[in-house]
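Some structures to go through are shown next.
You will see chain A twice below: alongside chain B first, and alongside chain C after that.
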Partner chain A sequence: METLAMHISNGIIDGPVAAVFAVIALAAMAYCVMRGRQDLDDRLAPMAGLVAAFLFAVQMLNFPIFTAGVSGHLLGGALAAMLVGPWVGALCVAVVLVVQALVFGDGGVAMLGLNITNMAVIGIAVAYLLIALLLRVLPRSPAGLAVTAFVAALVSVVVAAMGFVLQYQLGGTTDLGGNLAGLAGTMAVSHLFIGIGEGLITATTVVTVAKVRPDLVYALRALKPVASATAPTVGGVR
Partner chain B sequence: MKKWGFLAGGLLVALLLASVVSNFASSHPDGLDSSLREGCTFDANDEITGGSCPAQQEREHEVGGPFADYGIAGLDNDFLSTGLSGALGVLLTFAVAGGAFWLVRRREPAAGNDTGAERTDPAATSGG
Partner chain C sequence: MTGVGAGHAHVLYRATNSPVHRLPPEVKIAAMVAFTIAVVATPREALWAFGVYALLVAVVAALARVNARWLLLRSTIELPFVLFAVALPFLGAGERVELAGLHLSVDGLYGAWNIIAKGTLGVWASLLLAATTSTRDLIVGLDRLRCPQILTQIATFMLRYLDVLVGETRRMRLARISRGDDPRFVWQLRGFAAGIGALFLRAFERGERVYLAMLSRGYTGRMPTVWQGSATATTGQWLIAATVPVLAGTVAATAVALT
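This part shows the complex of A and B:
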């Protein structure tokens, strides 16, 4: 098999910009550890390990997209945010990226900050904001859950891709002659299609887990429907 | 008990995806890679033959290592190479992430731990 690079490789973004994003990523992950500890109890910790392992597996599954000769794969932000929450979810994505960079030669080690910022910080933040919003306005049904997962995944992938375009504007190593719009365009179109795949995988996985073990879906536990805030819950009746 | 069943099942699914299904994954460059290759032409070996694109600036990976590019160095069988490295990645990721999360997890306050210990002690004595 030839080179299989899924993340930003060395040399694509210059050193100083990569270093700045390394600091940003490190600070963001430290904050996620602080906030995530509140969520991480004896039950969530192994579940979060499983989510990270699952993300690693599904990221290997490049699927063909509409554009000929181009593939896509899961980034996993929306899936992780749904299952284990935004703070622990961001840490799951970051662990996957670190393992991929250090052991599998995928994504430069010097570029880790850029990759973590795009996928673990931007991807998760956008996904969770949408999840929090949509779960409150959509009906509490498998369909509502599926739509939430699909939309959060799709949008977060496209925005994460734009994170790279911003980084390229700041420290890209090839002078595109002011043609950054071209790069933004190809990134946006390809990731729109990748986002559809990501949305389908995320919705399928989340609905499946919600069917088997609804208590293991963080978003369903943390974001109670508005109605239950006023009316007593099932447990409260007893 | 139920928790461990879900965990084991999930891990098994991840292992199957990474070791078997991964062999049927598309080998085309992904969205990022293909965007960076825009403007260049490539030969059958994926070497740049002409044009100008961001991918030309790509530099060697710092680590590389025996599992670089999701394979196992020296193993000629592509199916085994991809499958074994995928399985290894799943187990390694589970160990690193699960271990780290277990270490930083929220412990019940000291008082809670004490009552927990007291609760198990009488049970153990009454059972024996």
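This part shows the complex of A and C:
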């Protein structure tokens, strides 16, 4: 199994900024643990594990971004948000990052806060907001679901990549001067392509799962107007 | 690989018996994280400090019977960042120096050194942890470090289902080939991409059966104590493992004081 690193590694961002983001990430994860506990039932537990395993495998696919020497990869945030919901989804991504950092040296341990903020917090939040919005707007058909998954994946990947640019601006260990805009541009364009690939994978996976086992798609569970709907509340139907 | 335990071991685990292998996992995780933080906190101008860290890594590697060649080969994981580092002296702003006919940024040179040195030391530290701790022990260690149960649960299933996922992929590929598909090189991707949704479902249904079987055998979200193997760390073991991060911390503090 040949793996390449792609998360922020030690020494790219300076200590104080890394520490600030570690606090942000820790707070966000603590909240996700609280909310996730309520979500994690007998159906979601194995699904969460599988989603995490899937992300773990998928994140090993890497695309080098030649000009800056930074590489990009699939994030899988939208897939996680779609199948297990935002809270457990964020935890899945965080677990993947922690295990990668601890035993694969992929992404520095001291930079975990930055990586978790980008991929587990920003990535999932953007993806889930888009999913919640688009599922209400678009027709409830496989095509609508596919478009939702595609757009959520694409946008969340690009926004998460911009998170890195922001962090680099705040605490990059080397002052790039005017080249920071170049870094932003490279990251945006390359992650646009990665986002397209990720969007396609997310859409095919989610549509297949929704066709065969719609009960497994978290995003659809909250929306589905059950025939015998006695409680017409928007949120906690289940 | 040791027969029964093979499924739980991972690619990076070196199954030997050494003083480092015998340390409880929670101690090793804590030491590794503390060491990495000390390394990252070191000012990049203190070149000597990184030499001391490398020496510490070498000593632990020798104790753990991990050979240098394996460690170096596995370090290629950080190659993309090395490339980024190489670009920095050219991209960096500010003061510039003339070096071998090249016009380089001083800040960029230090930046490149910073990334390569800290990145490499971090990778070595995690590789040593991986080489001496099986994934099962890793989760036991996280559990003992008071990691929320929901996280260790997801991690347990993730590591368990990775094998399921790999197994299903292999089975589906065999099935395609036996039905006349003749995948070569990149064209394998087409069949794989078309089947990715099916792969996910098959893996899930298999995983669900595993999960239900576990539930019916008394699984409550936490692995039974028998499974946890070795006892929790003694004070002595904590003290032994603390030597490395304490040394690294002292070096970092000295480096900060000197610069």
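The rule we apply is simple: the second predicted complex is superposed on the first by the 208 of 238 C-alpha atoms of A that agree within 3 Å, B and C clash if a C-alpha of one lies under 4 Å from a C-alpha of the other, contacts with A are read in each partner's own complex, and residues count from 1 in each chain.
Keep this in mind: a contact is a pair of C-beta atoms (placed from the backbone, for glycine too) under 8 Å apart; a residue touches a chain by one contact, two chains touch by 3 or more.
Being a predicted model, the structure only gives us computed values, none of them experimental.
After overlaying the two complexes on the shared chain, residue contacts for A:F164 are found with chain B alone; chain C is out of touch. Legend: residue contacts after superposition of the two complexes on their common chain; A:I194 is shown touching chain B, with no touch to chain C.
When the two complexes are overlaid on their common chain A, residue A:T186 makes contact with chain B while staying clear of chain C. Judged by the touch definition given at the top, the superposed model places A:F54 against both chain B and chain C. Once the two complexes are overlaid on the shared chain, A:D42 sits against chain B and chain C alike. Using the contact criterion defined above for the overlaid structures, shared-chain residue A:F104 touches chain B and also reaches chain C. Legend: residue contacts after superposition of the two complexes on their common chain; A:L91 is shown touching both chain B and chain C. Common to the chain B and chain C interfaces on chain A are residues 1, 3-6, 9-12, 33, 36-37, 40, 42, 45-50, 52-54, 56-57, 62, 64, 69-71, 88, 91-92, 95-96, 98-99, 101-106, 108-110, 173-174, 176, 182, 212-213, 216. Interface residues of chain B, counted against chain A in their complex, comprise 2-3, 6-7, 10-11, 13-15, 17-18, 21-22, 25-36, 38, 45-46, 52-65, 67-71, 78, 81-82, 85-86, 89-102, 104-106.
Taken together, the chain A residues at the contact with chain B in this complex read 1-12, 33, 36-58, 60-65, 67, 69-73, 88, 91-92, 95-96, 98-106, 108-110, 161, 164, 168, 172-174, 176, 182-183, 186-187, 190-191, 193-194, 212-213, 216. Taken together, the chain C residues at the contact with chain A in this complex read 10-12, 29, 32-33, 36-37, 39-41, 44, 74-88, 91-94, 105, 107-108, 110-112, 114-119, 121-127, 129-130, 133, 135, 138, 148, 150-151, 153-162, 164-166, 193-194, 196-198, 200-201, 203-204, 207-208, 210-211, 215, 221. Of all residues in chain A, those touching chain C in their complex are 1, 3-6, 9-12, 15, 18, 33, 36-37, 40, 42, 45-50, 52-54, 56-57, 62, 64, 68-71, 88, 91-92, 94-96, 98-99, 101-106, 108-111, 173-179, 182, 200-201, 204-209, 212-213, 216.
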